Structures are given as structure tokens and as C-alpha cells.
């Protein structure tokens, strides 16, 4: 217990950092992921191939390396000075978006073909077909796997601790230097994550149940 | 997609083919400073750690492998070098184990106490600061060196001269390390950057992403010595970090023995010789610290 | 589905697409060229910073690290599959005293970050139970618990996606519950989930990198170590580039394998009746 109470501010700041990182990256990755999915099914060949190459490359790269390049290679490009927090966010967004894209794309495939045919018959353009007809229906089937991706993102934020972002993954290093029992300290971190994951899991189960009956 | 696979296979094959040729040796070879012959017939009564060494026929020493001048492993030769390594070697020799009987083991900082208490290493020598919290988990022989927190900046830096000039500057150190916690606690600056290794911090310093790297002066001097035209250590030290040899908490017998070994090395000039050949090369002199026996 | 989202492009659209193609390619190439240019300007392709790769010892270190990565991956992959199969079956059980604990185990290990899991295995088990787990096994078991839990969910989704008639027909033939599961449902589910399973194995391969926390000498750990070699110019970025290529190559080979299997299965007449999307639903995680 002492490990937690003696270092309460460390834990509070750590998990606050985790939550901030998660919220920003979750929203960012959802937006970028949907755009990428759109690109992968779009009528423009260049967009399709760009989407495919992007997804295949990113999905096959360890997240640590993605974050590494943003921390160490990016400054050498001398474009704009972005804080480490935002660079970690960008890394997480780019990485997670590839997974979101694949989930959304498979969701698009669950929408009956007739829906798209009907909207085309009504004269809708590709953008209208996607945003007005297909995506709203696809969302229903993608919410459960999308939650999984976001849970993975939440846990992946721990990797950012190695790249100058104060968050829960870095707590153990602080404790070790202060001479506390690292193992007990990490059990509290694990518990913290279980608590953070819980609402996401419940949300997933809830939506899963509601929509599997209406299918 | 198929093309991508062929490309990938080609790259991998290239990686493997590359290993077929290459050079050996080191760009900057460093041998042991003092070649101690292993002492014969050493006994340490009532030391379980020593008994374990005897049964094993060798000694396992926990070290760091990425700190130039202190504990450093040369990737090109696999040789260890530095001040900490020399001290570890000296102690091993006096305990009856020559260089060929030593196994070095790199231990993660967060795992030092565990590695020692569960006997993975017989003793640990690696910029290990003696403090009361740690004394509840392990015990310390020494100190064999007293370092202090200092600052490493770019050679052309003029604004940073000491810890009180850090306000608004970006300061880097290893994630969660004591030096960075001190900077945070004392509110020296609110721009704190943390990476996994000091080398990464130095890289950030050289690419203008941070303005200073802070940790024990002994470590910083190692980097400054490597690139004297680009880096320098500035300001007075603002902490006291007595480095000790980490031992099993209950092994008072071995602790006494190692303290004796260190004292002898302080008295006969061996310590001074080791220092001058390693950390002393950075230009700043030092003399042996006083042991804290307990 | 994707083919019906838009009309077949006419001459005007084709011309527009071609222009977009040229412009798009040019932009991508320009960005890449800029990145390479900046890296050259900042001296990242300086021969001195690439010298490290010519040392035989370093090549052995990299090869050894590659071996360690693959050794952890191979065993962890097999164990994850076994763990996943056992707990998927557990969760699908009709007996609450089997399914409840299985659910708890799966949810627990899915919720804890792998980094924390590996650390707890390495230190916790030795402290709590007095059993020392070597770094290698801490990595392997951590990967097994985490990915096994994810795979358990994948298997379960696969079984649930099977047409009800399969189980009903098997019961009608007089099979017992275990027989229905092992002889009828699991083989089909495994078949339909194979692509998803393989993509999860890519995740296992990538996650071996987290072994660095307990200094398991895999690729990324050695990359960090080599990057700290001051006498070689501390080639942090250079080592990372080489290691990135190695990882991407390994993962692409694995992904390629999964694509190949997917194609095979599509052709197989036995695979009919399984909603491919249902199966892909759990395709996920990073």
C-alpha cells in the first residue's frame, strides 16, 4: 500500500498522462483511420495504392520504431518544433490508424451491396454514398473490433514512456530510483490499466449485445 | 503486393549476405589498466555469496555496458572497460578470481536490487548510489567513488553555467532517474525530457532538441571526453552520489572483505592508478573517498 | 462490395485519375526525397556513422539478436495458440464453473499492458512463489498470456460465426458436446480464422521487442546498445534504420504467408458458408 500512497502524485500524473495521450490518439486515429479506409475503397487508383502501401508498412513495423523515428529522426528534418507529447501522439495516431482502417474497411464489406447500388441509382457520388449510406451502416458492425483496437492503443501508450512522455509506463523507473519495491508498484499500474480498460470493455459488450440481436 | 514481398526477401537476404564479410578489431581498443593476479587461498568465513562463487568456480558481476569511462562494452570486441569495470576486476582478483573467471552481466537499473538479492549476480558495480532506501533491500561496500550531479551542454553554450540558470531550458536525463526527479522536485525547470539512455539524451542535445543533459558528473565526463569539440560539462556539482558495490543484504562477511580490499587499494595507490587511466583522462583529478563501514 | 461503391470511370474520370496519379506519386516522392535530403544534410549518411556495420562482431551481435527474437517468437506463437484454444473452449463451455474463470483470465490478461506483464513475470513470480523465471521465459510467457487471450477471443468469434446448422447436425448425429466442439466446430473455426490468427502472430513477432525491459537481448535491445557505442560515433539512427528494415522484412514475410493462406482458403470449397467479415471482425490489435 505504501508504494501507492507515498507516490500518489507520481501515479496521478502518470495515469493523467496516459489518459491524455489515449484520448488525443484515439480521436486522431479514428478520424485518420476512416479517411484511410475511404481511400482504400475510393475510385481513384492512386489513393487506393497509397492506402494499401501505408497500411501494409505501418502494420508491420513495431510501434517502438515508429515512435523512435519521431523522437530522433524528425528533429533533423527541421520542419516545425513540436513537443515530445505531440510527437508521441502523431506516432500513435499514424500507427493505430492503420488498424482502424482495416477494421472499417471490413465493416464496409458487411453493408449489403444493394445499399450502395441503390444510392448510386439515386445519383449519389462516391463521397455521398460513403458518408450518407455506407459508413453509417458499417459503424454498427465495426464498433466491437474498433473497441479492441482502442484498448490496444490504451496499452500501447506505455511505450511512449521511453520517448519523453510522462505516463504510467514510466512509473516503475521512478519507483526504482526512489528505492521502492518495483514489483508492488507495477501491480498498482496493472490495476490502474484494468480499471481504465473496464469501461471500454463494458461499452464493447453492451454494443455487441444490442447490435447482435438487431442484425 | 507480390513485388513488395520479393523486395522484402531481397533486403533480408542482403542483410544476411552482409554478415559474410567484414572487419574485426576495434576503432579504439582498451585493455585492462591494472592486471592483478588472482589471489590464492582466499576464505571468507560465513559468506553464502562467496560459497556460491566457490561452488561455481567463477564470479558473476553485475555491471552497466553503455556508460563510456565507467562501465562500457565495446560492441566490436565484446570487451568491457571503464572505472567501474576495473574496480570490479580488482575485487574479483583479490577474492581469488582472475579475469578469465569473471562473467559480466548487464542488469537493468530497475532490476538491480532483485538481481542482487536473488543471487543472479555476486556483486554489482555500476554507478550504484548508496542511499538508505536501497540499504533496506541490499547492502553496500564502499563508497569507491563520490560523484555529483552536473550538467552537459553544447560546446558553444553560454547561457547555462549552473543549475540556477536552467529556468526555461530543456533538460534531458534517463526516464525516472534520480537526477531528473531532483530537477523536477527543485523546480529548476519545467521543460523536462526523458529518454531511455544517456546516449539518446546526448543525441537530442546535439540535434538542438534539448539544451542540457543532467546526471552524475562521472557519466557526463565520459561523453564530453568523446566529443570535446561539441560538448562540455559546466557548473558545480549539486548533489553527492557515493557509488557503492551492491551486495546481498545479509552478507556482512563479504561486505567486510570487499571493504578491506578497497581500503588496501586506496592505501597502495592502485585506486589512483585506475582512476587516472579511466575517468582521470577527462582532466579532473580525484582522490579515494572514505569508506563507510556499517 | 467495394466494386459497387462507384461507377466505372469514363474517359473524363480516367484522365482525372491519371493526373491525380501523377501528381500524387510526385508528392510522395518529393516528401521522401526531402526526408533523405535532410538526413544527408545533417550527416546521417556519413560513412563514419555506418562503419559499425562492417565489424564482424557487430554482425554476430545482430544475427544473435535476430535469433533471439525469432526464438522468443516461435515458442510464444505456439504457446499462444494452445493457450487461446484452451481458453476459447473454456469460455464456450456450458458449465459456469469453467466459463466464468476462463472469462476472468482472458479479460485480465487482455487488459494489462504487455510491458507490465513481462516485468511482473520476471520479478513477481520469483518474489511471490520463489520460482526464478529466466528473461527468455518471462518474455515468452508474457507474450503467451497476452496474445493467447486475444487469440482466445478470435477463436471464440470464429466458432460463433459458424452456421448454427453445423452444431445442430452434429448433435443430431448423436455426438457429445466435446465431440461437436473438437470434431466439428473448432476445425472449421480455425480454418476461417487462419488469416486473423496469422495477423495476430505478426503482433507476437513485433511485441518480442518489449523484452528490452528485462534486457532480453533481442533486436531492439541490441539496437539500443549499438546506438550507444561512442567510439563508432553513436549511430542511433543508423542502427534503427537497419533494424526497422529487418523487422519490416520479417513481418512482411509472415503477412505474405497469411495472404497466401487466405487466398487458398477462398478457393477451397469447404470454406463456404462462413461469413468472412464475421471472421475478420476480431482482426485487430496492435
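The first chain written gets the first letter, and so on, giving A, B and C; residue counts start at 1 in each chain.
Heads up, the rule we're going with is that a contact is a pair of C-beta atoms (placed from the backbone, for glycine too) under 8 Å apart; a residue touches a chain by one contact, two chains touch by 3 or more.
In this text the structure is predicted, and so the values were computed from the model without any measurement.
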Top-ranked pair of chains - ranking by C-beta pairs in contact: A-C
From chain C, the most remote chain by mean C-alpha position: B
Geometric centre distance via CA averages, chain C-chain A, whole Å: 16
Intercentroid distance (Cα basis), chain B paired with chain A, Å: 38
Sites on chain C at which at least two other chains make contact: 42, 123, 127, 236, 248, 252
Residue numbers of chain A (touch at least two other chains): 56, 72, 76, 172, 182
For chain B, residues that touch 2 or more chains besides their own: 1, 4, 111, 114, 196, 200, 203, 207
Contact set on chain B toward chain C in their complex: 1, 4-5, 8-9, 11-12, 15-16, 18-19, 22-28, 65-66, 68, 73-78, 106-108, 111, 114, 118, 196-200, 202-203, 207, 222-223, 226-227
For the chain C and chain B complex, residues of the former touching the latter: 42, 51-63, 122-123, 126-127, 132, 213-215, 224-232, 234, 236, 242, 245-246, 248-250, 252-253, 256, 259
Chain A residues within the chain C interface of the complex: 41-47, 50, 56-57, 59-65, 68-69, 72-73, 76-78, 95-96, 99, 102-103, 106-111, 113, 116-117, 120, 126, 129-130, 134, 141, 144-145, 148-149, 151-153, 155-156, 158-159, 169, 172, 182-183, 186-187, 189-190, 193-194, 197-198, 201
Contacting residues of chain A [partner chain B, same complex]: 52-53, 56, 71-72, 75-76, 84, 161-164, 166, 170-180, 182
Residue numbers on chain C that touch chain A, as the complex places them: 1-2, 4-7, 9, 13, 17, 20-21, 24-25, 28, 34-35, 38-39, 42, 44, 107-108, 110-117, 119-120, 123-124, 127, 153, 199, 202, 206-207, 209-210, 220, 236-237, 240, 243-244, 247-248, 251-252, 255, 276-277, 280-286
